[in-house]
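You will see chain A twice below: alongside chain B first, and alongside chain C after that.
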Partner chain A sequence: MKQMKAMSKFKLLSSLEQEVEKHLAEAVSVFQNLPEETLLKPAPDGGWSMAQCLAHLNSYGRFYLPAITYAINHPAGNATNEKFKSGWLGNYFTQMMQPGNSTKKYKSPKDHSPTPDLDARAVVAEFIQQQEQLMRCLRKAKATDINATRVPVSISKWIRLKLGDTFRFLIAHNERHMLQAKRHLILCPL
Partner chain B sequence: MPVIVLDLPCYNCLTIFTQVIRMLTHKINRTTSEKEKMIHSPLADFIRTLYPLGKKAEQYIIQNSFHKKISRSKYLLKPGEFCSYYYYIHKGVLRAFIKEGKKEITTWINPENEITTSIRSMSRNEPSLEYIQALENSDLYAMSFESMQKMYTLFPEMNTVARMLLEEYYAASEERSYISRLPSAEKRYSHFNATRPELVNRIPLKYVASYLGMSEETLSRLRSKKSM
Partner chain C sequence: MIIFNIADRFLAMHDQLLQLRQLIQAVYPLPDEDWHAFTGIWQPFSAKRKEIITAAGEREKYLYFVLEGLQRVYYYDEQDREATLVFTYAPSFGGVLDAMMLHQPSRYTYETLTPSFFLRAPYHEVEIIMKNRPAVETMVRMGVTNALSGLLERLAEIQCYSSEDKFRKLLQRSPHILQLVPHKYLANYLGIDPTNFSKIINKIKI
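Now for the complex of A and B:
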């Protein structure tokens, strides 16, 4: 596994901001304008519909966004620390999500597996809302020590990742399922 | 061997020489690019699309306006603040809204090639009632009211430009008051869809809903009805 060197906090946060900007733009220009039937159509291989992909991401956002906000409001370390070094576990989780590194399927935990009968429009609206919130968190994090401040993971409150790793992991996970949703879009006749 | 010894200093000379040349050309390039930046103003270009603009007036605009970047969801103005600038939107989208309790009521949405400000601050010298917020990472060019006032005296043709803009924005304001008086959500949406359909590809629908005075649910119901 590629081990990460220490890097500039600002560089990391602004590249993550660009990634979120891209997800927002895609959600606004593509997903919010699709008919509900298209959004709800199961993938040709029987996999998730586009709405399910986004609902899956929303279910994580519902946990992580408040957790990140709490962490930013209760920071540790030194706000002037400009360096960030990924922790081994945070790096492992992020690598796991990278679409380029593995196309391996992971089974989602039950409470993050959305049912097919969704209110597709509401799902897209929530996704957009969450990305806007994530963007605000990234900006606030510039004045936070993202190396020392930690956020618990969704599966156990005893495991806490560095704030910088939580952002990396969450946004890589978003990218993974945005790609999945976009793959369906190519296959779906509009 | 001796050839190499002789050769070395020559080679060094050449390297130094090329480096000097490079530094000089670099400096020249830089100054020309800086000059180019100076002689070009998107605000002046915009005004030129409305009315012929003299060289001196253009110079004045270049010297008295500045570039301002504003990132997505950041505020350009908040209620209670005075706005002392006109902003030309070169790239991006801005919206204005007022807060009614917890609810946001969007009062206008403007994409690029528009001029915006808090008109209350300008004409009545009263603080803004609205928030002005960027909905995309936006590039603005700002000019102060003061500079604008001076420009009217210095370049009388600018009065024509101002009148044209005023007519344009008065019509837009009438349009907004018309849309807000349409009795049904369906009519408001279809009017919006007929006049500004491109916006739904650029801004989250919740802002469109709040501009049209309806809930997000109603808007999405109307949109799916339309697409069927």
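Now for the complex of A and C:
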């Protein structure tokens, strides 16, 4: 596993913001305009439908967006700190999500496994809403010490990642399942 | 390198002003001399997605000309009520026009809904040119009158049309808007509940 060097907080936040912008642009130009049947169709290998991919991401957003917002409103450290250095656990989680590094499948925890019978349009709308909120958080975080401020992880309130790592992990996880949804889209006759 | 950059920027600005001129030609053609006086006050300006350009309570200091992207003017109150009043996109003017022309704090917010690029001019400079050049004043009056006309037309539609008719009319006026904006803003603009909006899309879509 690669060790991360200290980097500029502003560079990190603006590259993450670009990633979120890309996800939003895809959701707005493509996913919100697909017919419901297409969004709900299971993948050819029996895997998740596109709506299930997005609903899975929404289930994490529902936990992490309020947690991130709370952390930004109750910051630690020094707001003028411009450096960020990934923690070992945060870095490990983020690496785990990188599509290039592994095609390994992870089993999703039960409360993050969406059922197939979804209101597909409501799912896409919630995804867009959450990404807009995430973008606002990334901008606010520019005035926060993302190295010292921490956010609990969804599986245990005792494990707390650096705010910068929480962003990296959450957005890498979004990218992973956006790719999954897009792989599926290519195979769908439109 | 620096010289190329300056040349590039000059060419880009030239091209952008040409787009502005095309719009103005359609509203009220200006004699060359008036046009040249009018071009001197514009500066490029850009904003990312979901950035507030003019906040409620602030003065509207600029007149905007949209080159790229989509924006909205909206009303919001403490009871969490929200109304999207106007969308702006290229090539059209933007900003909170009533606050700008009346020199009053804006009652509305002007925000980007996609990454956006503009030319903008300080309104006090527009006013100076309007004072000295009657053709520019007429052009601005014509522009505002057209905007008023569009607003009245929309008001009639909002009060009379069924949700489906409103949706069809929107697509007729702006065929690509479904791919450009999160649908919740379109539903809000038409005064339709988002769930109902989804049903209409499922039913009507092209």
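Assume the second predicted complex is superposed on the first by the 190 of 190 C-alpha atoms of A that agree within 3 Å, B and C clash if a C-alpha of one lies under 4 Å from a C-alpha of the other, contacts with A are read in each partner's own complex, and residues count from 1 in each chain.
Methods note: a contact is a pair of C-beta atoms (placed from the backbone, for glycine too) under 8 Å apart; a residue touches a chain by one contact, two chains touch by 3 or more.
Everything numeric in this text was worked out from a predicted model, so none of it was measured.
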item	value
Joint occupancy of chain A by chain B and chain C, clash or fit	clash
Which superposed partner A:Ala6 touches (first chain B, second chain C, both, neither)	neither
First (chain B), second (chain C), both or neither touched by A:Met135	both
Which of chain B and chain C A:Ala143 touches, first, second, both or neither	neither
Partner chain in contact with A:Ile159 - chain B first, chain C second, else both or neither	neither
Which of chain B and chain C A:Asn33 touches, first, second, both or neither	both
Footprint overlap on chain A, comparing chain B with chain C	21, 24, 27-29, 32-33, 35-36, 121-122, 125, 128-129, 132, 135-136
Complex interface listing, chain C residues touching chain A	48-50, 114-115, 178-184, 194-195, 198, 201-202, 205
Sites on chain A touched by chain B in the complex	21, 24, 27-29, 32-33, 35-36, 121-122, 125, 128-129, 132, 135-136, 139
Chain B residues within the chain A interface of the complex	71-73, 137, 200-206, 216-217, 220, 223-224, 227-228
List of chain A residues in touch with chain C within their complex	17, 21, 24-25, 27-29, 32-33, 35-36, 121-122, 125, 128-129, 132, 135-136
